[in-house]
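Same chain, two partners: chain A is paired with chain B first, then with chain C.
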Partner chain A sequence: MSIKSLLTTNVSILALTIATTVALTMPVQAKTFKYAFQGDAQSLDPHSLNETFTLGLLGNVYEPLIDYDKDMKKIPGLATKWEATSPTTWAFELRKGVKFHNGNPFTADDVIFTWKRMLSEGSDQKARAALIKDIKKVDDFHIIVETPVPNPTVLNEMTQMYVMDKEWAEKHNAVKSSSPKDAGRDGSYATTHENGTGPFIVESRQPDVKTVLVRYKDHWNKDIATNIDRVEFTPIKQAATRVAALLSGQIDLVFPVPVQDWNRLTKAPSVKALNGPEARTIFLGMDQSRDELLHSSVKGKNPFKDVRVRKAFAHAINLDAIKKAIMRGASTPSGLMWAPQIQGYNAASNTPYKYDPETSKKLLKEAGYPDGFTVTMDCPNNRYVNDEKICQAVASMLAKVGVKIDLLAQPKSKYFAKVLAQGGYDTSFYLLGWTPASMDVYNVFNSLIVCQNKEKKAGSFNLGNYCNKKVDELTKIIASETDVAKRQAAIDEAAKIIQDEVGYLPLHQQPLSWGVRDGVKVAQRADNVLDYRDVVMP
Partner chain B sequence: MFLFLARRLFQAAMVMLTVALIAFALFQYVGDPVANMVGQDTSVADREKLKQDLGLNDPIIVQFGHFVQNASKGEFGQSYRLRKPVKELIAERFPATLELSIISAILALLVGIPMGVYTALHPKSWVSQGFMTLSLIGISLPTFLIGIFLILFFGVILQWLPTFGRGEVVDLGWWTTGFLSKSGWQSLIMPAITLAIFQMTLIVRLIRAEMLEVLRSDYIKFARARGLHERSISFSHALKNTLVPVITIIGLQIGSLIAFAIITESVFQWPGMGLLFIQAIEEVDIPIMSAYLLLIALVFVIINLLVDILYYSIDPRLRMN
Partner chain C sequence: MGDFWRRFFDSDLWWSFKSSPLVVIAFSITVIIVFSSIFATFVAPYNPFDLAQFDLMDSLKPPAWMEGGTSQFFLGTDDQGRDVLSTILYGSRVSLLVGFMSVFFAMVIGIIVGLIAGYSGGWVDALLMRIADVQLSFPAILIALLVDGIVRGLLPKGSHDDLAVYVLIVAIALSFWVQYARTVRSSTMIERTKEYVQAAQVIGLPQPLILFRHILPNVMGPVLVIATIQLALAVITEATLSFLGVGVPPTSPSLGTLIRVGNDYLFSGEWWITVFPGAALVILVLAVNILGDWLRDALNPKLR
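Right after this comes the complex of A and B.
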């Protein structure tokens, strides 16, 4: 060893020592981020409940192959590359060197295991997993994903498929997804424990009370923005208590904040309200299938089968007034059933119906209801932003053109029990909101717009059974056309038909409503998910 | 005594059975639990299957039968929403409610009894008038409003006290306590006051009314005539005889402190049983609702039993029979 290299070594050792000393003596400030939401995640098992908040929280702990960034753009997650090798096959290259929280390496076997687990008995992700016919392992870091039919949205759906460690699940008897009915029994280990690859580890959790997460030091991605080391999540049920917790400085972020509290937050010195647009569209639906409405003064026929009546309703509702008076200017009036953030949205098709009560009256007269009629409107009162108030406003707007609304506003548990399939779609006129989990328009078509079809599991949330054969045909194209331009043409054509015959009455995209302490930077994602990766503390 | 107890226990069992039956009859009207247990994309068939698996398609009376059968074995099923056995959940949450109730009860008694006695002994003093006015406010303001005022003033404006939760709790294995940490005590102050105020005012008014009654009775006059100390007349003669009806009421009130801490708990996000219950109602978590209602019935039954036994020790006339 030459003198020079010895010297260099010594110098570098010295430099290292100094660096370490400096690092050690510098105050290491552990940054704790505290936030509150109105409810809690129902499970730590990412396959047992397909619900936004639960999956959103678990997205910090588990990771999919393809992830969303803060603008809902698809970015590499546990996969580094993917490409379509045929209309029904995708080749994925998996990320190397990724370790689960318990230190197990991540490989192709875990991906295949995850897919199978999502298809298991207790899973709430069966529909999503069924979009994939098979996953073939090429080697530890290459897989081929096959879909049964060409599917342009499968990549979007994959953002909600969180990869679980095969070995860990086998060891803890958790190879099948836990379901609500086997709580506390064998196989529910994954409900209360996690082992993901994500940037945060669940340190402790008492459901409904508190969940503490700490940063995973060995996370593969060293470039994520956040500087937090620890997260304390507390569900706070009462809106007033939630807002007080923020104002008193005990909490860094709360959501949702009631619309009427926005002014308070804006005026308060150290907090602010964040009201970005949410991808959830609020709309009204009408029973268009029964020969006689279940809840109406009209007997022997169904007024909603007459397009003139539907048009009359559309022109009677003043979307701008709802925006101004009820949503404090923060909603986005919509003519479409899907939001701008949704894949397949085309601004050119988005023309809300014109507010024109005179036309409404004329149309009603033409349709044979010069004095209007009475219909019951079903409305939730604790599900969407100001849901009941919107319904009240709609009722008074319709009253002006002669339609009398009997408003039945109920808590969501009762509301959904009545209007959904289990209740036999027991509604004539209702308010509902929808965010397609895949962030793609096909989900909207398949759930809300195609004709009800129990065998094909289609149109399950088309509560009023709006049904148009041409739209059904176009939906098939939307489902499988991989050529973007052709697909968009089909979407636009369908949108036009739906609008022309007033299949639905879209109202608006509701605003997100978060309250955050000054200096705390967060990304407000359009699906109302808080991603810790983007949280930067002062 | 034995016969008395046996009869009481039988009555208790009947009460609890009735409570459970009424509860089950009501559960039909709270909505559909399944909609809260699955995501929006879950198919109709899967929803139906889950409903079937949970036994929710059985007739009410069959569901009730299963419930009683399991409950008699100490099994209360699993929470739909939190996916944990109800037994564990209640055991986790019970300490929070009990600690809050006990502190509130102590607060109500420690402040209420002296205030009551004072207002009875000096009915015309301005301090008494002040106490009475305060108690009127306390009895007429709704609990949640008091809670929100406290939060606004001490939490948001002054920022002295935490506005939600239980602070840091120490886990003793079989019990979690907030009594061993500073933040635990700080978090306890506002909820305890909120919960105590109604009880406190009730006690003040009750003691005052009863004591005024007793002070007019002959044996007090005799005691005065005998030249006894005013202090000993007030406390060992008058107060003691005031206590019989007061104990009944206080006993029941402690029951309701535990049972109806619901509002206080939800205003302060106090992680007790009341909060568990109110969230269960919203999400139609039937196993939690039924177990909770049964437990509350049990608490009342036990308290009533204890009150009856206390009568024995306080009132010698009952022992004579």
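Right after this comes the complex of A and C.
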């Protein structure tokens, strides 16, 4: 043994001794995973707000019958098996031996109760629940799900139907869903307490400050990848603060990382940037149904009812400038309301509106607004990547063609409570983002594009009520047509009508933008959901 | 008038001003900042609040002397393509407006409370000064946050942004009046026993008249000194509140708001968006502070 190797051995033994001493003197360290997002989950009630982040967090606490894995493939959740018994009925076999966090057993009654709760007044999940006509109980672990029309995407939608314990809800007077307006307030017991079946239990929660979750030891699935025992989630609104927390090692994962900081993250040691295309489309919507806009200088009529005004808006917005200056090249300008990852996407119909302020001015003049007009724009400031900055840029671009925008940028809790159905669609012009949870285009049509229909619970996120009977007809075909070519033809035809009429102003698909500490393994899903089941700590 | 200036140039105050180059510089800087922000509309190369005047394609340009900068935007542009120099000029206007107004209101409240407490004595004095003591035990910023929070809660939705500046003025004024009250009270207690006050009382002048016409001019010296120093503090408080996001909105930003907005770009290398407004704030506050310090020394007979 040479001196050199002896030395190395000694050093490594020394290192080992130190390491063991340290390990022995410290108590057995529970693995704590800390992460930050730009906003908080709106509520612990899984039926109160249909928002990806809220549902993503609650997906660790509550579980659906069918779940998504990290590649967004359907896997068994609380159901073990399902099969179509006819084009409109599905037979489900439920998992036995599952217990809610309070120890109550999970049965078919809980599934039926959950479905009914999702249809209750305050719920933001009505559109989704309405895809099911009825659920029949065969016995405690077998149910039959009936859909009104043949609809293969209903299985994907079921990944967002989180099962709640019937007995617990009845005991705590939470049988009806709370509404997004209750967010942050003590509306219903279920907004501040949970009782799911998921692998994590909410240990403590201070809205907008901190939520702590611990592992549920009696979870039915012993095969999940994660090794974490405890999760600390902190909302950090300020982008720079969020990145600083990651760089300083206080936090294991942050998202979204502002696109301007990608370089910095790549250069920094011990952290890395995880990027990819997100299936979320950011768009602008206009109130096209009221006879007079709620928030505008134009009185007695609604300028957005005039297709020329909508076209003028479309041509006034410079998507490439937004991409270059605000998204640092990381977004994909879009002419469609759905992303390339979505089933039903056709690149041929994706033609963004051309930036042409002169045409825009001309159109406004023709429509009778040579000097433009004023309209208030609603914008969230902690929901999407650089959301407020996009709104400011849009305001500045519209100012150049004479339209004055009063920008009302608010945290998402206030924003959603104002613009959604539960707030009476109190908006004239707004920015919103949408990822169809089913990853199928029908979800986009049924939620954003068909005429608002309270009875059928359709179009409930069509905040400005863009309404075209022909598109509604085509949506019915998209819902149930099984021939792929015919279905695509219907989608393409509808896409063309929407574009010609400027039903919406699609902006872009935003990037997935996470920052992770080295050694922490996570799965970045295309819908920007962080599933703790896939988090592995070093 | 000529007589006034002759007396002024003959005074100790002018002499002490003249003999300190630092004070002269501080004074010039203050005057330049105050005037260029009052006349920002004419001085600034662009109007950063006219949405039609800036272009997203001009965004994030570095200062003129750096690579990629243009002389069009001397201190560079921010994320929306606004000229940083112009936003600083318009921003200092908001900062100074809030600073001056809040100091003025704090002074008015403080003088009234101080005069009443010092002149009346007894339980009125005890009550007013206990209130002042309680407030003194909290940092001014906390009081300002509290007032701001309450007013926000009371105001109808949506109107807050329009009124934000006034809310800030009230909040800062309410957190700063104590200093004046205590100073004025102690001076008043001394003045109260002097012959000219007794004479006024003997000829039967009403109390308010004695307070404001006879005592007030004799206690104004220290008040002016405090006002100058507090102006700097008020500007800082405003900047802090705006930096925390509870001050003026980004649509009519003050220096604090500009620093907060620019903070998002510190990691990405666009340092000029936040550093220049920060530097402007430091220079302004430092200059005013030096002036205040000098004024205190110059007016203090014991130090002469």
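Heads up, the rule we're going with is that the second predicted complex is superposed on the first by the 291 of 538 C-alpha atoms of A that agree within 3 Å, B and C clash if a C-alpha of one lies under 4 Å from a C-alpha of the other, contacts with A are read in each partner's own complex, and residues count from 1 in each chain.
The definition used in the following text is that a contact is a pair of C-beta atoms (placed from the backbone, for glycine too) under 8 Å apart; a residue touches a chain by one contact, two chains touch by 3 or more.
Note that the structure is a prediction, hence the values are computed from the model and not measured.
Trainee: Considering only touches as defined above, state whether A:258 meets chain B (first), chain C (second), both or neither.
Mentor: A:258 sits against chain C, while chain B stays out of touch.
Trainee: Considering only touches as defined above, state whether A:326 meets chain B (first), chain C (second), both or neither.
Mentor: second
Trainee: Per the contact definition in the header, classify A:392: touching chain B only (first), chain C only (second), both, or neither.
Mentor: second
Trainee: Once the shared chain is lined up, is A:128 touching chain B (first), chain C (second), both, or neither of them?
Mentor: first
Trainee: Which partner does A:120 contact after superposing on A: first (chain B), second (chain C), both, neither?
Mentor: Neither partner.
Trainee: Pick one for A:408: touches chain B only (first), chain C only (second), both, or neither.
Mentor: After superposition on chain A, A:408 lies in contact with chain C alone.
Trainee: Spot which of chain B and chain C makes contact with more residues of chain A, would you?
Mentor: Looking at chain B versus chain C, the one contacting more residues of chain A is B.
Trainee: Given the touch rule stated above, what does A:238 touch, chain B (first), chain C (second), both, or neither?
Mentor: Touch partners of A:238: chain B and chain C.
Trainee: Both chain B and chain C touch chain A; at which residues?
Mentor: 238, 240, 244, 247
Trainee: Where on chain C does chain A make contact in their complex?
Mentor: Touch list, chain C to chain A: 50-52, 54-57, 59-60, 79-81, 158, 250-251, 263-270.
Trainee: Which of the residues in chain A end up touching chain B in this complex?
Mentor: 39-40, 42-43, 48-51, 124-128, 178-184, 188, 191-192, 206-210, 234-238, 240-241, 244-245, 247-250, 382, 411-417, 420-423, 434, 437, 443, 447, 454, 457, 460-461
Trainee: Which bits of chain A are touching chain C when the two form their complex?
Mentor: Interface residues on the chain A side: 238-240, 243-244, 247, 258, 260-261, 263-264, 318, 321-322, 324-326, 389, 392-393, 395-400, 404-405, 407-408.
Trainee: Quick check: in the complex, which residue numbers of chain B touch chain A?
Mentor: Residue list for chain B touching chain A: 30-48, 50-51, 53-54, 78-85, 88-89, 92, 148, 151-152, 155-156, 159, 162-165, 266-269, 271, 275-276, 278-279, 282-284.
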